[in-house]
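Chain IDs A, B, C, D and E follow the sequence of writing; residue 1 opens each chain.
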Amino acid sequence: SSDKSEDSKGDGKLEKVTYLTSFGNFGRDAYAWVAKEKGFFKEAGFDVDIKSGQGTGGNIGLVVSGKADFTPVDLTGALLQVGKGEAKDFVAVAAIQQRTMAAIFSTEGKGIATPKDLEGKKVADTAGSVVRLLFPTYARLAGVDASKVQWPNGEASALMGMLGSGAVDGIGQFVVGKPTVEAVTKKKAVMLPYSDVMTDLYGNVLITSSKLAKEKPDMVKRFSEALLKGLDYSLANPAEAGDMLKKNEPTANPQSAAAELQLMEAFVRSAGSGAKAGTLDSQRVARCIALLQGAGSIPAGLTPEQIVDFNLTPKA
Amino acid sequence: MTEIRSAPRRTSDASTPRGARPARTTDAVRTLVPPLLGLVVTIAVWWLVTEVELVHPMALPPPQDVLSAFTASSDRLIEQTTLTATETLIGFGLSTVAGVLIGLLLAGSRFAARMFSPLLVAVNSVPKIALAPLLVVTLGWGQPPILTMVFLLCFFPIVLATATGLTTTPAELAELARSLDASWWQAFRKVRLPAALPQIFVGLKVAMPLAAIGAVMGEFQAGEGGLGYEIVQSLGIGDSPTAWAAILLIALFSILLYAVLTLLERLALPWVRATTSAR
Amino acid sequence: MTEIRSAPRRTSDASTPRGARPARTTDAVRTLVPPLLGLVVTIAVWWLVTEVELVHPMALPPPQDVLSAFTASSDRLIEQTTLTATETLIGFGLSTVAGVLIGLLLAGSRFAARMFSPLLVAVNSVPKIALAPLLVVTLGWGQPPILTMVFLLCFFPIVLATATGLTTTPAELAELARSLDASWWQAFRKVRLPAALPQIFVGLKVAMPLAAIGAVMGEFQAGEGGLGYEIVQSLGIGDSPTAWAAILLIALFSILLYAVLTLLERLALPWVRATTSAR
Amino acid sequence: MIRLSGVSRTFSGRSGTVEALRGIDLDVADGEFVAILGRSGCGKSTLLRIIAGLLPATDGLVSVAGEPVTRARQDIAMLFQRPALLPWRSVLDNVLLPVELFGWRRAKHRARALELLEMAGLGGFEKRLPHELSGGMQQRVSLCRSLVGNPRVLLMDEPFSALDALTRQELSVELQRVHMENRSTIVFVTHSIDEAVLLADRVVVLSPRPGRLRKVVDIDIPRPRTLGRNDHLEEVARCSADLHELLMERERPDAAPESGRASLVEPPRAQAEDLATAGKGQ
Amino acid sequence: MIRLSGVSRTFSGRSGTVEALRGIDLDVADGEFVAILGRSGCGKSTLLRIIAGLLPATDGLVSVAGEPVTRARQDIAMLFQRPALLPWRSVLDNVLLPVELFGWRRAKHRARALELLEMAGLGGFEKRLPHELSGGMQQRVSLCRSLVGNPRVLLMDEPFSALDALTRQELSVELQRVHMENRSTIVFVTHSIDEAVLLADRVVVLSPRPGRLRKVVDIDIPRPRTLGRNDHLEEVARCSADLHELLMERERPDAAPESGRASLVEPPRAQAEDLATAGKGQ
């Protein structure tokens, strides 16, 4: 990405930027397409190339190695990477979801209505997932005996089928997966969002490389503003956003995309915190870190400033 | 003595009695009926399994659903198939060239063979999904990482088959080449390679379906289209019929490419069928 | 005429001059040095690539990190390796038996071959990740789905190699069996199978690393331990050095199993080396 | 024992067809020893393959022991022109292959196999693999293999071609012994006229491409016969000369089987029920 | 041209060692035609392989044209005991293989190859694949292949073993012609005494296992020679008888090379610079 158009706005040469979706091209990631379609990026002076992401680990790798400039990743996952000392070369510059969308899903008729009902049940998720990783903490906070819950493995793509066929009683899944769960199982979904008990935990945050943040803070700010504008617009007009996604991504299903966006709204505009979309609070980030340290997932000593560049985050 | 024509089992030589002309159509029938029958049986079993709900439709949707998913977006799916098939073919072509060259190297030098074989086995035994981040990070998106994935998945059978073929030249032919003081390259080109071709074709036939998988896996990670991308997207929104339509399209073009390969083998190596006995 | 001993290139027969006793150690050196050299070169290149930051340590951690990740949890990793290697071995064994039997069926009947070959190609060309839901849903967790995954990944080379080997018996040996009025089974056991063994071994050698991948992939989906589980787990929490330690352990035991297979081949088929020429 | 009538064989390949045999009529009596002489490529091996049931005739009838030939039989042993040894089996195991395939007891026939190998001058080589043997040694292993099953009918395709004169002579004697003891019927392809005269009751001469019956010559010399040292030198010389002349004859312009050949055929031998019928058509 | 001194060869395998050749001393003059006779398995093929540089001697010195043999040379053609045809090449292409390998122009030698095939009675079979030929036809293709390069030295391992008398005779005549025209040196392994006497200037008789030089017999009959029709019937008969006797001789108890053999060796031929030195040691 060249820095020629540092000051150009809307006209002249557009700055080329590569943006990665969080994972694939689903409704939850439609806002980037919306920002592009509605011209928000262009107005900010960007020509954005949107690529399909691979999830937290892969996306961080692509950003730190300079293959992509921006991408949303799960903050918990990002903290884990930093905690392991793996990736020091990226910073978060905006929040996408104020609260984590991680949840345990079940369906009606399996006798799960509250967290407590999970005891003696089987919940499947991928081996390294955040849902699985944070479950002990969740269980503690929700008053569940974690040792009484079985956590078999499952490939991401296999989880729905496992739940549907009754092989397991629950699966780890983002809350936006609700329509899919219901479509697949043909039953009403029961959702136990982690955010119910872990209110501090952020969901996805927008990251960029430390280098970019340091060298072109202005450009980073402009980008995240444009993206957040798209996010706002998508949440306000989910149906239109779904159509825009479909237009760019023929494999997408506009209805389910719209449904995802509607579900996502509550997590982006956190009712509890009342914060403006995109803000990151140092205190909350510190509490997230503490949470993970409490779960023994990362060593002590990590500070919020190591992972978030608070100079660049949108201010409330 | 009765008028029974002596007719033992068919031998390897082309021993068709003269005057048996109208064999053309029967031949076509004989070639096509069994695979079609296989197809019908497969679909019937599939239908039955889903009909009695042995497996959940999310895991394996019934054939009729897959069919309607296909017709619903046939244009797009066919486009994706073309893309993936092209990638498969290009990747397979490159892998063949590279694989044969590596095989050649291993066959040419015992030292190289000893030095690199473990490495090749290692690369081949690493689950390719684990390499995905590395691929995209170093190669970005689009063709390069996808073709690399194809190569990583299918090079090994080709290398091994080539090396084995080239190092098991019948002693009498190798001795002939030596007696004519053939250079290494001449012996390779005129004797070892032709002698190794049947073996190499086995490698290619093993590699062909792997190449298709490679293309799909590449698309999982680095694709911007293609059947692999289609599968990820469809599974993500719980649309397993479309995912299965994509899976079947992969299977279908693999079968086609495999058949072409088999035909090619038959045309290129008539002598093999004549000097060996199938049944 | 000078006192130069006539010494053309080594021929296939065991033509070691007598009195060359202390060859034992030199032989060991000759066998072990090249692979070790290969290892050293590989690690050096790896180190260099990470040292000059050609790729980010996230995608490919430097060797020293991987080593310390290994030492940090060596006990657990070795345990996981044992588990995965055991699964690989069992799965490979079962696949060998099943693969040879299927190959036998295809070799035995042209009809069966025509009917099922496309199906086998299809199964082989389906990306196995796409089959994951089906596997876990129908087979649950633990050994059954893992072994099935191993089978799905590695049966094809074995089947194809067996079928090819059995249908390309040298015509003169097949004719001999026929002239002795051998039954199908006798011809198979006494002539076709031994003649096909070199070919089958190539299939096994291709299948061996695939079996390891199969075990790992199976663990991705349905594992409750093992290196596959370890990889997913480590990658999930961003611990790529441990993931790479696991990947290298897979590679390592694959190389080992492959070497055992090669040795077995050499012991079982001494006649192949004698009747063919390697260089 | 063996009855061929009007047997023809044509090979068709990409580069045209070859008529290997045309209208062969031949009856071989039980216990008879027939030698087949003919130029290289005239269809001798093809003829043996047809009798052995390994190759279908494109025309004509073949029967052995009254039954039409449709496949190979265990009581017919075929010795191929090339040794066709299994490269992974030791010499002894190669010889015992028929025993195993016939479902006989290996242990029982091991002694016989070793005896045959000894007789063939291969004592001490039992445990070697075929590739460790010389060409002639391989041929002798193949000979032992064809004898080990005590076949009723022996079809031998140039069994002594790679052997030296002394070995040839020793094995000829042995073959005659086997023939007389077992009363087996033997069809023996050779390029050596001496060998044919020494061993055969009748010698069949084939004409070159397409192979037709050129002439059948009876050899009426009492057995056992030995080279050089017998009282029938004159007879031997006459037969040899006849055969030599037949073989040396350049192809006729018309290339049709000689019609007047019957004159040379000797009257039927007492023990043979089936007469040699040599001629075009029947 | 070819000089062997004290050449020995031992094969060692799993099942023990075989001493194939022991202390062979032999000089073959430029343009000389030497036949090698010996019992099956006595080491004839091994000897040719050693001269051709295909097999190292375990002991002794081998040189061709003054240079020690360390590998095969293009001016030495080897005709193997088995035809060793490339199964994927047509007959013509098989014959042209040496031409291609020597980097000569194919087009230039095509006519010569076709001529050789015609001479060998294979006209019309140029485009066929080897498996469509009879055993003898394959052997003839192999013969044509060994002749097409006009080699200075021809090593022939039983080239006529699978051929009938007439073809043998025709090809012998042709071989003599090639030998006289090209002045090539020929070492010719055969089992036929007649052939040896007809073709060779000297006949080397090897004793069986281990192969040692039993005797070298000079044949001093003027060329060109023909079977039967020459003025030296007596000489031919004498040589044949000698050779026959040598071959038929049972192995001696001591199996050591005969020391008195020099008496039978005739005085050196005028044109040969190198003398045959037959004897143990040097």
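Methods note: a residue touches a chain if its C-beta (ideal position, glycine included) is under 8 Å from a C-beta of that chain, and two chains touch if they have at least 3 such contacts.
Note that this is a predicted model, so its numbers are computed, not measured.
Q: Treat touching chains as neighbours: how many steps, at the fewest, connect subunit B to subunit E?
A: Steps on the shortest route: 1.
Q: Expressed in steps between touching chains, what is the minimal separation of subunit A and subunit C?
A: Counted as steps through touching chains, the separation is 1.
Q: Please work out which of C-D and A-B is bridged by more C-beta pairs in contact, and write that pair.
A: Looking at contacts between chains, A-B has the larger number.
Q: Work out the mean Cα position per chain and let me know which chain is farthest from subunit E.
A: A
Q: List the centre-to-centre spacing of subunit A and subunit B in whole Å, with centres computed as mean CA coordinates.
A: The mean C-alpha positions of subunit A and subunit B differ by 40 Å.
Q: Measuring centre to centre with CA averages, how many angstrom lie between subunit A and subunit E?
A: 85
Q: Please compute the C-alpha centroid of subunit B, do the same for subunit C, then give the distance between them in whole Å.
A: Chain centres of subunit B and subunit C, defined by C-alpha means, are spaced 18 Å apart.
Q: How many angstrom lie between the CA centroids of subunit B and subunit D, rounded to a whole number?
A: Roughly 48 Å, centre to centre.
Q: Provide the list of subunit E residues touching at least two other chains, using ranges where the numbers run on.
A: Touching at least two other chains: 11, 13, 54, 71-72, 82, 129, 131-132.
Q: Two or more other chains touching the same residue: where does that happen in subunit A?
A: 57, 61, 65, 157-158, 160-161, 165
Q: Which subunit C residues reach two or more other chains?
A: If we look for residues of subunit C contacting two or more partner chains, we find 8-9, 11, 13, 55-56, 58-59, 129-130, 133-134, 137, 171, 175, 178, 220, 235, 270, 274-275.
Q: Taking the complex as given, what residues does subunit E use to touch subunit B?
A: Per the stated touch rule, the residues are 52, 54, 71-74, 76-78, 80, 82, 84, 86-88, 97-98, 100-102, 129, 131-132.
Q: Once bound in the complex, which stretches of subunit C touch subunit A?
A: Where subunit C meets subunit A, its residues are 55-59, 61, 129-130, 132-137, 140-141, 219-224, 229, 232-241.
Q: Can you tell me which positions in subunit B touch subunit C when the two form their complex?
A: 8-9, 11-12, 31, 34-35, 37-39, 41-42, 54-56, 58-60, 107-108, 110-112, 114-119, 121-130, 133-134, 137-138, 156-157, 160-161, 164, 167-171, 173-175, 178, 198-199, 202-203, 205-206, 208-210, 212-213, 216-217, 220, 228, 231, 235, 240, 243, 247, 250-252, 254-255, 258-259, 272, 274-279
Q: Subunit E touches which residues of subunit B in the complex?
A: Subunit B reaches subunit E through residues 13, 172-173, 175-182, 186, 190-191, 194-195, 269-271, 274-275.
Q: Show which residues of subunit D lie in contact with subunit E when the two form their complex.
A: 11, 13, 15, 18, 37-41, 44-46, 81-82, 121, 127-129, 132-137, 139-140, 158, 161-168, 191-193, 244, 247-248
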